[in-house]
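Below are structures written as structure tokens.
In the two assemblies presented below, subunit A is common to both, partnered first by subunit B and then by subunit C.
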Partner chain A sequence: MSASGLTVGTEVVPENTPMRKRGLGLTRLQWVYVLLAGIFVVSVLRVVTGANDIDSSGLLIAAFGLAVPIALAGLGGLWSERAGVVNIGLEGMMILGTWGAGFLGYHMGPWWGLVGAVVGGVVGGFVHAVATVTFGVDHIVSGVALNIVALGFAKYLSVRFFSPLPGGGPTQSPPLPELPTVTIPGLSDALGTLEQKHIFFVSDLAGVLRAFCTNVSVVTILAVLLFVLTWWLLWRTAFGLRLRSVGESPVAAESLGVNVLRYKFVAVLISGGLAGLGGGFLALVAANVFRDGQTGGRGYIGLAAMIFGNWRPGGLLAGSALFGYTDAAQLRGGGTTVHAFLLLLAVLLIAIGVWQIVRKGRKVQGILAIVVGALVGTWYALTDIVPPELSGTTPYVTTLLVLAFASQRLRMPAADGQVYRKGEGH
Partner chain B sequence: MSTFNPRKALLGLAAPLLALLVAFLVTSAILLALGDPVVEVWQTILSWPRPRQLVQIVNGATVYYLSAVAVAVGFRMNLFNIGVDGQYRVAAFAGALFAGQAWFPGPLNVLLTLVVAMVAGGIWAGIAAYLKVKRGISEVISTIMLNAIATGVVQWLLLKVAVKQPGSNTISTPPIPESSQLDGLALIPGASNKVYTLIILAVVVGVAYWFFIGKTRFGFDLRATGQSETAAVASGVKVPRMVVSTLVISGALAGLIGMPLLFGQDHSYGTTFQAGLGFAGIGIALLGRNHPLGIAVAALLWSFLDVQSNALQIRAGVASEVVFIIQGVILFAVVIAYELIRRADVRLEQQRVARELAGTRSDAPSVEGASA
Partner chain C sequence: MRHATKVAAVVAAAALGLAACGSSTPETPAASSAAGGTSAATGKKIVVGVAYGVGGRGDQSFNASAAAGLDKAKADLGIEYKEATQVNGESEAATEERLQQFVDAGATHVIGVGFAYAKAIGAVAKANPDVKFAIIDDASADSAGPNVAQLTFAEEQGSFLVGAAAALKSKTNQVGFVGGVATDLIKKFEAGYIAGAKAANPSVTVKSQYLSQPPDFSGFNDPAKGKTAAEGLYQGGADVVYHAAGGSGSGVFTAAKAAGALAIGVDSDQALTATPDVRDVILTSMIKKVDVAVYDFLKSGSEGKDITGNKVYDLKAGGVDYATTGGKVDDIKTKLDDYKAKIISGEITVPTAP
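Now for the complex of A and B:
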């Protein structure tokens, strides 16, 4: 197992139009239109299905809370994969982060809890870096091993250190002190009043804006700053250019005097710190307690969000927002909101099917999409609610669907996943 | 593989031994740092198990073995089937539901259930195969998502068909008829409990895996694709078709994981059915280097640690969860040791070839000189 995975099916499909830009070929202004169109579609969906919670600010605030840890994990993945190290171990690093946050958060206060989360993640990153960068172990093997190890460590450490504490137990810490949140006083209330009127589109827009200025955790603000900082460091500085060159063509980078192994090592450490911070958010902000199994696969979803985002920070944000939103929808609205999504999915599938037949001439794929779309539509028509067991899988199904439609337009760093040995380049 | 190579055999043994030694030292250091009694922990874990525990170790290893072989089939082709966990749960549910209907008499019911479970596991893995071949989604991501989806789907279906277990709050599929329950084999003298009858299944799967991977055209193509995709394509291997077959076979084998538990212990699939076997299988496959015998040893070691750690709380005053640390450190030590040994092997091989080449080159001029 020297190379990471088979490359079958992942080749970039050449586009018909030669002058396509990155990121699905849209400019910034067009992205704003896409966003507004998205809100428009959701508000239509709200009126048609009567699922009012589908874009309430309450739901969106919850969505933020769920998107932040995924985004931070994805940001960690971005750092390491831009330096050419595949990081399936994000989940393990997050787990260590949750424990670190629980331990330091309880003993020294919430701000130290954040430090503990980062340190926990960095420890995981260190193990991954030693295995993959120093010893050249296959990246996925190391990452999977790290996830198993981190889970075991967190289990043991929580039994060892949280059981004897008052309010703690073998699988969870005592309640943790809270971090402050920020609300913009006048604006939040004004938008809230507007939202309650349920005016088509206007109220929906107000709901979205209200979510941005109500009960925003300081960690969320920190996360936004980290995104900006990452973008600036990786795409606007010499350091970032070198780091990305290590992920694209390590041999060329080495020949230009870049210390490839050091850059990879540092990138994986930073990656661990960010994933750990994501774990810390779960423990300190989302739950106010460390719990065994708290991450629930969010490290993996973060990785998927990063892939969906085409290994770029903006795309990653969009991916995390999508998964955070679907997760919040299934948690809050449960079956009703997810039931409303069925209608959207059915319409989308039928539209894609028609598109495939008319524009691309792919009859089989088109008909398949229409049939599935019709089935989903029937399901929507015949039921009032999606059972809770199934609505719980919404974020995962969404991940798969989105990747299925987007993954052939994606391009990962050219040397991502390849083991680099100094002096063995030819 | 055809001829016995003492250097390779020695290096092959050196890696796991080195890894175990490193794991022992690292775990001891961690325990010391945490202030736990190191000596008592090792005394408890390394004591010789009693007959009853021996049976538990063998039973645990049987299930782990099936799981690890399912993972290993993919590994041999560089496919990371992280989804064994979801596949075996879907398959165990489907198998238990089928067996519970008692449509067929005793042993036939058992055999047909195995087929149903394999088909269910294969179909669930087939989704990931389709997504990889047709839509280019890495199987690592898709199988992880499918694991989570499997949890929801199985829970939902379970609620639809469930019967309540008498005297408890757990729900499960209808229990399988007594004629199809397998009591187990009294393999270990002096033990009151019995070894799963379906340990036979593990042996059959192990032999089939060895034969299939090592001795057939398909197995050759599979390994060739895993070692060099470009070389395999050049020699006429249809990689997408291989991906689909391999993932489906891996899933079908994953379908068998729950069967020893179903027929030998639980007799139904319910909320208390053992979870997390797929992830253990990944670790064990790595530990056993995807080799049929290596996996068996690794599965026994994993299960040995599991069972021996149960007594830690009583005898050493340490939480039994410490076993996760030991297993994890072994896993990391092993993957690093294998990589180091592999590189040492390559270096020795290069030196040998260089020596032989140097030998022929020094001969060459004299030959030319003689002819001139």
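Now for the complex of A and C:
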């Protein structure tokens, strides 16, 4: 993904480990090559396995749709945790966001629906901030409580406000008006025609490009802008430096005159607003209706994506995209597309195994990876389809696998999750 | 500081109170208390507790259909009722508690809408032998008892008919199925649908997709996933998709509209209940007359002849059917009615597992 801006090592806060280059240390041009190589690998996979849906524009568009709510929730988590407040209440804030989007979206139009979503999330963020920052409640306890309360509160509000409306009910809002989508007319069609020809690599590239210029929701564009804005604010401004210092070492920050509690409070409010916007996307863009329980645990997945991304926007985006892609693949293609992934996994595992032995001299890990890779390869060869009971777990398994390989490099903000009281350091 | 703590405590308590209101406390509609007295002359006074599944009264589908039967019984038989709705992911104890609350509040009849109530109905029925119970969509040993009516439907027979309709209407020779949660119940829909499609056109391809696996029941409540799965089926070449996915079905209709293709509704006549702008893509619906079952149960009760044991509402009993709203199946109606007659006569036996 667009992690190119993160390649320069400008981390200002002192690391407790020696400085490493961020984002694998690649330049922008090198990232383009990596991306093209990725598409090449996938086109080989497509031709070998015959799973044509694996990089179709339809799949990628669906993947964006599933990734955006997760990414926005994760971005919310990033703001809060960078200021040192663990936010497991993202799910609850999303739920309040879906309701806010449903209410204002129905009464005042879709754009106000987005405002309603943000306001709903901010209300959730306010509760969490009062509990954790002002009163020093344990972050996990407050977050879990918020998730339960938000669920009940949204249910109460829907019974109260949606039941009497035509098409509404105690568990759902009336249908909501749609937000506009952006399609680049000529380009989208031309690429679509090229994609349908199934030419090796060319069609695959066309499919990927078409996904970026066909039916892109304005909220998706807004989300991308919010990612850039977050990166700029948190890593390029004095405000961001102070906010992050509060999450790394609140005592030091306070001794330098930073109002720690105010920064934490603001960060949690912004966190709620972003998670709420993620909920608003679900209600307004992905479904055109508010339904009780439609968040379905996406807040937790967002939190996981943030950890996956090492508390950085670029990594978080990559994590959400991976999850959205694998989820869309299993929802659309069922066992067939997931079956194609098995081959990729087998090849990857064997390659990692060989690399571990030859370059790192880690025999045990290497042999283990090769054996597992061979087993997965055998599974691929002997079956035609992955059973539906298993294909549904693809996004979770993929995330776990990547985390298992990357977890050694993760570092969370040093004071994350710790309750801070004003004047603690004196 | 002390003052602030008090404020926080009050706020927290209020929030929890609201949460409780929204979820599990039985709500008594204002109307029901006003409907005192029995209007049916022969009737015996009936107080019903109705526990809905996760979707609740307003799901425009399965639970709404049960509610319709209840409303009819109230109008015709003058019963009184109390209602409550299940919460996704709640404990078995909470489910039982909800039913027991009805009994404690004086209910003579208790209805659990949906198979999720199976164990709870079994347990509470055993503890309260004088109260009559009914469960919809379950005929397992869990819920069985001398004072329990197990009301089930031959969903596979209704699905057979809409499967035949899908195959007859398909131009691409490929049709799809979206199931909410891969339970045995939803697989009955799938099995009937496939059998019907193949009967009408042996060369048709049927692709099935489920949104979640039990015990994760989110697949009944996630329109975004319903839309994604249906898009996959349409872009893969299907031009008719049947959904048995409860609240996720609205996503299937949205996808059908975007693809310029057709979809088939479920449980109620969705060409009447779905969002107006997608009604024109609904070919037909597999109607499951939960309202008939609920009404029957209450009517028999008011006549003192309570239904017990398993009662199957099939095509013959008028428990399932296909919908004709919108006129899209008018040209193939004779063929569908022909299949219907063959199923009723037993000439065609529809499988219940894919």
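In this section, the second predicted complex is superposed on the first by the 398 of 426 C-alpha atoms of A that agree within 3 Å, B and C clash if a C-alpha of one lies under 4 Å from a C-alpha of the other, contacts with A are read in each partner's own complex, and residues count from 1 in each chain.
In this section, a contact is a pair of C-beta atoms (placed from the backbone, for glycine too) under 8 Å apart; a residue touches a chain by one contact, two chains touch by 3 or more.
From a predicted model like this one, the values you see are computed outputs, not experimental measurements.
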Quiz item: Which partner does A:Tyr396 reach: the first (subunit B), the second (subunit C), both, or neither?
Solution: first
Exercise. Applying the touch criterion given at the start, work out whether A:Gly65 contacts subunit B, subunit C, both or neither, answering first, second, both or neither.
Key: second
Exercise. Pick one for A:Ala304: touches subunit B only (first), subunit C only (second), both, or neither.
Key: first
Quiz item: In the superposed arrangement, which partner chain does A:Tyr420 touch: subunit B (first), subunit C (second), both, or neither?
Solution: neither
Quiz item: Which of the two partners, first being subunit B and second being subunit C, lies in contact with A:Tyr106: first, second, both, or neither?
Solution: neither
Quiz item: When the two structures are overlaid on chain A, which partner does A:Ile148 contact: first (subunit B), second (subunit C), both, or neither?
Solution: both
Quiz item: What residues on subunit A does subunit C touch that subunit B touches too?
Solution: 127, 131, 135, 145, 148-149, 151-153, 155-156, 159, 163, 170, 297, 389, 392
Quiz item: Which residues, counting only subunit A, touch subunit B once they are in their complex?
Solution: 1-11, 88, 127, 131, 135-138, 140-142, 144-153, 155-156, 159-160, 163, 170, 297, 300, 303-304, 307, 387, 389-390, 392-393, 396-397, 399-400, 403-405, 407-408
Quiz item: In the complex formed with subunit A, which residues of subunit B make contact?
Solution: 34, 36, 75, 77-80, 82, 131-142, 144-149, 151-153, 155-156, 159, 225-227, 229, 239-240, 243, 279, 282-283, 286, 319, 321-325, 327-329, 331-332, 335-336, 339-340, 343
Exercise. Can you check the complex and tell me which residues of subunit C touch subunit A?
Key: 4-5, 8, 12, 15-16, 18-23, 27, 54-60, 64, 85, 87-88, 182, 207-213, 218, 221-225, 227-229, 231-233, 235-236, 247, 250-251, 254, 275-277
Self-check item: Contacting residues of subunit A [partner subunit C, same complex]
Solution: 53, 56, 58-59, 62, 65-66, 127, 130-131, 134-135, 145, 148-149, 151-157, 159, 162-163, 167-172, 175, 282, 286-289, 291-294, 296-297, 327-328, 331-334, 388-389, 392
